[in-house]
Structures are given as structure tokens and as C-alpha cells.
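Have a look at these structures, which come just after this line.
Shared between the two complexes below is subunit A, which pairs with subunit B and subunit C, respectively.
Here is the complex of A and B:
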């Protein structure tokens, strides 16, 4: 039986796992960040703006954003993750790019590319969201003009309840719902939304509200990590 | 820089029209043709206006996955062949092709279209793997909805082949038994261009899309999958509006399928 009052790991319905963030972790990169949420650890590096080759890929009036999501071979909880990328990783790379793009102003970078590389070191669900959250900090660290940070979190249904930030056990639950969400908290614009599982329209509304609340908390962690680096406390 | 094509499209939308004179919530004409390939265990061709998509189902007898010893499974694959659009190229599947496959897969899988347990013949030993291959023949826009519809239409028509002695499948003969379908999840796409929400975008409209939401919807109006695409964000009100419109339109899609 599923415990109806508390979640598997004792959290409240709207409670995020403990978070940690650090900006500027990769010296060679133009921008970088680490984001840890529960047992999921994502690191992100930004290279660029740099000239894009081959030239036909260049955009004449703005820079291009490329994102690459990858799970390190040892980062899965079960079998070794085969290196070299999967269809899942390709889809996540694509939705990550779209999640970040709406807040970036790339108009000054015609002909150039900004590359974002995301690696998962350790995973316990919510990896695409952790990656996006780390990447947003890395982009800010790289000094790319942004209208806002992007924060991402997975909301969903586990043990029959609507919950925030699912862990692996909750995510893999039979009959559960996983809804990864990324947003700009300043404008309320949702920039990543995926969902699997069965959900009513009313539940969707509640989940969007849960996601917004969680996003605000994640953003505080992001802002603090950026301030820690740029206020010279490091 | 002023995007003249987009400006023009917005000026038409502002008048409540679309370039092909449809209303915002109008689909193009939808047609379904069944059994277009006798080689497949089930197949269908769906056309939405000039968009044409073929789906075929093959059934393979195989061992169940170790973590689900009493269940069969499904595989869904969409190939964006260069035949169907000047924008598609030969080579390994693009990110877009993979996304399309996975979004259609999620709607059908998470909507529990098939009773996986009934696809198992002997626990831990043999089960049916249902493989749905989807090929756009002409991409005139809205491949997500067309692919989802084609997959479900093909599944509806799929019949098990005969199993001979020693578990050998005789694909030449049908057992006459249909697949254990238990739900009909369908994909419906709503796109936002400027301040306007429209369904069933054509090629020109797809080029100007700001944001797009693909929703998997069940008979009872519940949602079973979602994917937001496009370069711009959407706020909560817009998302709800798009979901409402998708629920409304899937009812129409369902009518075409049950004919």
C-alpha cells in the first residue's frame, strides 16, 4: 500500500528534494554550472559564441543555440548506459534547446553558435530538468544576454497524489504521471512541457501551479549560485 | 529585420481567415484507407488535405523483456524519407524524426491502447511485439496528427497471423483474431502564431509557428501525453486554451476513425 500522507522519501507533496548549485565549475568553458537535486547531478558547459562551421548552418541575422544532453555511462541506476547517444538523448537535446531559446537574445551573434553541453553524473529521475536548470546558469555565467533564467522541474502524479519533483521510484510507478516543465518565472512562460501518463484537464491546471511554485524556489538557488561567483565570495 | 511572410500571414489571421480560407479550428478533409499493404498484418493510409501518411503493423513472436515477463510490447518508428519533402534528407534519423516517433509512441503507450498482458502467450517465453512503422508520403503539414491517426487506424485493422507447430509464425495466413485494443488515444496539435491558435497547420503555417502543443487524448477527454514544441513559451492560460481546443477537435478525429 502506498502511504497516503507522506511520499516514499518522506517529502510533502509540494516539496522539492534538497538542491545545490555552483557556477563556474569548468575553467576552459565560457560558462559552466552544476545543479544537484536529490541524487540527480547535472553539469553544464557553454562554449561560444564562436564561429559556426560548416558555413551553411549559420544564420545571417542571429546566433544559433545547440544543446547536447548526455548521461555518463555509469550514471544510470541499473545497467551501464551505452555511450554514443540514444534516441531518448536526442529528443531531450532538442527539447532542451527549445526550453532555453525563448529567453536568449542572440541577435548580436550573426553567423555564430553557442554550444551547450550537459552531462549527467548521477541520476535519480528529473535529469532533463536538472540539465536545463544547470544550463541556464551556465549561459548566464557565459554572459549571454538573457531576459530571465530558465528553471525546470518535473511535476506529476505518484501514489495517487499530485507531487513536485518526482524521484526515480515515483517516476517509474505504474499508473503515475510525469510532467517535466521548464519556465521563465518572471513572465510565467512555459518553455518545456512534456507529459506521459493519464491526467484530467483539472489536474493539469493544478500541476502547472505546483510547477510554478517549485520553479520560484529553484530560481532562488540559481540566483544565489550566480551571486556567489560574481560577488567575489569565491 | 521585418519578416514579410510572417507579417502577411498575421494580416490574414487578423481577418479571422487562413491562407486556404479555412477557419482557425477547421481541419482539412481527413480520409482513411485501410489495408494498403497486404504484407503487413494491419495497415492504413491517412490523408489530411494533401498530407499523406502510411502506417503498417508487423507482429513478431519474441521473448518478453525480463522486467515484464508476462507482457508483449510495442515499437513505433517514423521515418522522414526524402521522398515526402524537400526538407528531408537521407541519413540517420534527424532529431525531428526521433521526436515525432517518440511523441506518437508516448500517446499510444501511455494511453494504454493495447492490452500488453494479452499479447503474452507464455510467461517469460513468448509474446507478441507489435511494430508500427509510419512513413509520410507527402508532408503538407501536421505530421503528428496524421501519424497518430494512421497508427491507430492500422492497429484497428491488425489481425494476428497463424501460429504453426513449434511456434513458427505463418505470415501467409491470418488467424482472423484482432489485436487486443482497449483504448483509442489520438494526437491533436494546436499551434500558436502571433496571438492566434489554430489546428491542423499546413507547411506555410508550420514555418511561422511560434509555439505548438501536441496532446494525446483518450475517449473520455483525459490527456495521456503532451509535448510542447516551437521557439516561444506559453503561459498557463494559453496552455489550457490549447488543451481545450485539442480535446474538442479529437472528438471529430474520432468520428473519422470509427466510420
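Here is the complex of A and C:
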């Protein structure tokens, strides 16, 4: 069970880092959002629906979602970033797209594409989750019909304990586990589940429960940010 | 037992459960997921008996036949024009739908509409998302004379026009500007002087910003009266 021993940064095991969200930060985009969790800051912008080139990529009966994840060169430890994107970014772009797609209804946009650009301005672990959370808000801001807002959080094991929302120190710990999780909190449908490290079956179950609890808290932040924008309180 | 979980005119977000049970029916932008009704967009709830619908506050324009839109000529071909109507794909304006004149084969079509012209046009047919035909035959459809063109959210257009055009006639009356609003969110505006044009634009911006509130016509009227020029 979760006990009350504190973590490196003083949080409880099931405590999230402080969160902040804002919708509509990029005026020219069809939809945009910022999501900040601890020291990780993600910005997402949605453009489209717009015509998809080259034409053979078009789908005849529905729109296509295209995601691009990128960590800015200065965002992490300041290592030189080679231009052209990395294999890591490519993988995360793909899982982001697959995490968001199950809730979207793109049937009205046959032949078109909806582009989602995610930039990580500052990183301290949990970037793909922050990116997905921001992208979900940006898609809602763009008015793309969806069944639910996707919420993502990373859970894992650090210092031998099961914890929520790992920071970089916990994430990079040897023998630790990182388990990014994206879900629709309304239906409980999980759209992203990745893991590195080793867990027992019971630990996995416990982590999923922790993830669900944390997702609900993140969703409250998402909903508040959306309502704030549209009721003019931003 | 069915239960309504939201109030009339409440603002909701995607994925929010609006009602439980099978007694309520899903209207526009509402999805039935097993035994609950869910909103698909950010919008305002409208309950009409058992029907729940969402008036969206945001969204892209999706063309449908009969819509009056403002488009820009982007290409002139041999037998028609390509029009940008603010949708992912360009619309086609064929000779037949463009004019009742007899246009000889191979004649210079730029005499009618040239690249860069703005047209108030009507969507006559939507065969698929990619094949959209527009026409110029209908009351008021024309090439727009020089004026100001700007975009508002397509979902705010019904509010800018108002019930039976009440809001838009209010703006026309107070500013003396000629205003045309396309369903695609493109607005054309032309007035006697810059001050009146700017006043009309700021009134439209006010409507766009506060479109979800009630009693907006009165507030716009007060705004126009307060800022009226001359």
C-alpha cells in the first residue's frame, strides 16, 4: 500500500507536481494550449483541418491526425541537439498520435489533415504525458469533436516505492520503473501504456490505480483551463 | 431513471456527461455512449424537452449546401474559378453558376472575376469534402467592392447576425457601414470613414468574445451608443 514516506522533492507518493494550464496561447493556430507540471512545460498547437499533401496519404473517408513532438534544444540539459529530429522524437510523435486518435471524430474531414505540434520548452521528465495533456486541450480549443479529453501522467517506481508523476531524478534512477499512461478518465479506456523497468503483476495493478487517480486530478486542471478561456477569465 | 446533469445554457467541455439514462436524446454535437449523453465540443447546452444539443463555441467551418460564404478567388481556369472559402479544400465556381451572360469559349474570364477578388457566394453542392461547388446566382450574391475583410470564429456567425438579423442591422444602423457576414466566418465591411469601420469591427469583436452570454443585443447597443462617432 501507499505509505507516507516523502520523496526526493518532498512530495507524497501519490502527489502530483504543481500544475498550470492555459488554453489559446497561440493566436494564429486553430487551437493551442500550454500545460506545465512541475518543471516540465509543454506547448501544443493545432492547425487544420487542411489539405493533406502528398495526396496519396489522404484517407478517403476520414481526416488524418498528424502529431509532431519536439524537445527544444535548450529544454533539458543543454546538450547539442542534432537537427532533423531523433528516433526518440519520432517514436513519441507516433504514440502521441495513437493516444489521441481513439477519442477523436474525424469523419467530417475526409482528405484533410489535422496537425498537432508539441514543443517542450522545459523538461524534467514526463514530457510525452505533458505533451499529450496539452494536445488534448489544444484539440478541444480547435473544436475537433471528441468523446473525451485525453489525460496523461507517468507513474512508476522510484526508491523502491510506487510513485506518481516522476521527476527527472526519479525517472533516471537505476532499477526504477517509468510507466507513462494516457487515458480517457470518463470511460477508463487506456490509450497509451508504455513501460521501462521490471514490475510484478500486483505492482502494475497498483500503478494503474495510482495513474487513474492522478489522471482525474489532471483532468480537473484541463477542464478549468478550457472553461476559463471560453468564459473570458483567462 | 434518467437524470439531467447540466443546466440550460451551461458551458460544457468535451467528454462531459450531460445526462444519464435512455430518456434523453442526443442532438447536435452530443454523443450517446452506452447509457450516457456526452458533449463532443466546448459549447453551451440547450435542452428542448428530451432533446439535448450543444451550441459550439469553437470549431472550424465545414461547408454545407445552401450556405452563403465569402470566398477569395485563388485561380482562374478555362471553365471556371477556384475559390478559397476557408475550408481545407478550394471550392469550384463553374461558368454556368457564375453568370447568366453568354460567355464565349476561350474568352478572358478575369473580366468577370480575377485572382484576389472577394465574392459573396453560395454553396450549391457538396459532393464530398473535396468537391464543393459554389454559385453566384441568388439574391445579393456579388463580387464585393473594396472594403475590409477579416475573420471571426465560424461558430459565432449566428450570434453576429442575430435573430432575424437583429444584431447585424443594429451595427449597420449605428455605424452606417455595409456589412456582409459569410457562414464561413469571413466578414466584409465598408463604411464612409475609418472611425465608423473601426467601431463596427470592435462591436463584432465584442459579440465574438461574449457570444455565450444572454442579453448581448442590449450590451452591444449600449456599446455602440457610447462609442458613436459624431
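Keep this in mind: the second predicted complex is superposed on the first by the 226 of 234 C-alpha atoms of A that agree within 3 Å, B and C clash if a C-alpha of one lies under 4 Å from a C-alpha of the other, contacts with A are read in each partner's own complex, and residues count from 1 in each chain.
Everything below uses one rule, namely that a contact is a pair of C-beta atoms (placed from the backbone, for glycine too) under 8 Å apart; a residue touches a chain by one contact, two chains touch by 3 or more.
Note that the structure is a prediction, hence the values are computed from the model and not measured.
S.K.: Check whether A:48 is in contact with subunit B, with subunit C, with both or with neither, and answer first, second, both or neither.
M.R.: second
S.K.: With the two complexes superposed on chain A, say which partner A:109 touches: subunit B (first), subunit C (second), both, or neither.
M.R.: Second partner only.
S.K.: Taking the superposition on A as described, I'd like to know which of subunit B and subunit C A:227 touches: first, second, both or neither.
M.R.: After superposition on chain A, A:227 lies in contact with subunit C alone.
S.K.: Where does A:184 make contact in the superposed view: on subunit B (first), on subunit C (second), on both, or on neither?
M.R.: Touch partners of A:184: subunit B and subunit C.
S.K.: Quick one: is A:145 in contact with subunit B, with subunit C, with both, or with neither? Answer first, second, both or neither.
M.R.: A:145 sits against subunit C, while subunit B stays out of touch.
S.K.: Where on subunit A do the contacts from subunit B and from subunit C line up?
M.R.: Touching subunit B in the first complex and subunit C in the second, residues 184, 187 of subunit A appear in both lists.
S.K.: Using the touch definition up top, name the residues of subunit B that touch subunit A in the complex.
M.R.: So the residues of subunit B in touch with subunit A come to 1, 93, 95-96, 98-99, 101-102, 106, 109-112, 213, 218, 221-236, 239-240, 243-244, 247.
S.K.: Considering only the defined contacts, which subunit A positions touch subunit B in the complex?
M.R.: 61, 87-88, 90-91, 93-95, 98, 101-102, 179, 183-184, 187-201, 204-205, 208-209, 212
S.K.: For subunit C, which residues count as touching subunit A in their complex?
M.R.: 11, 13-17, 29, 31, 33, 38, 40-42, 56-60, 62, 87-89, 128-130, 155, 209-210, 212
S.K.: Subunit C touches which residues of subunit A in the complex?
M.R.: Checking each residue of subunit A against subunit C gives 30-31, 48-51, 103, 105, 108-112, 140-149, 184, 186-187, 222-223, 226-227, 230-232.
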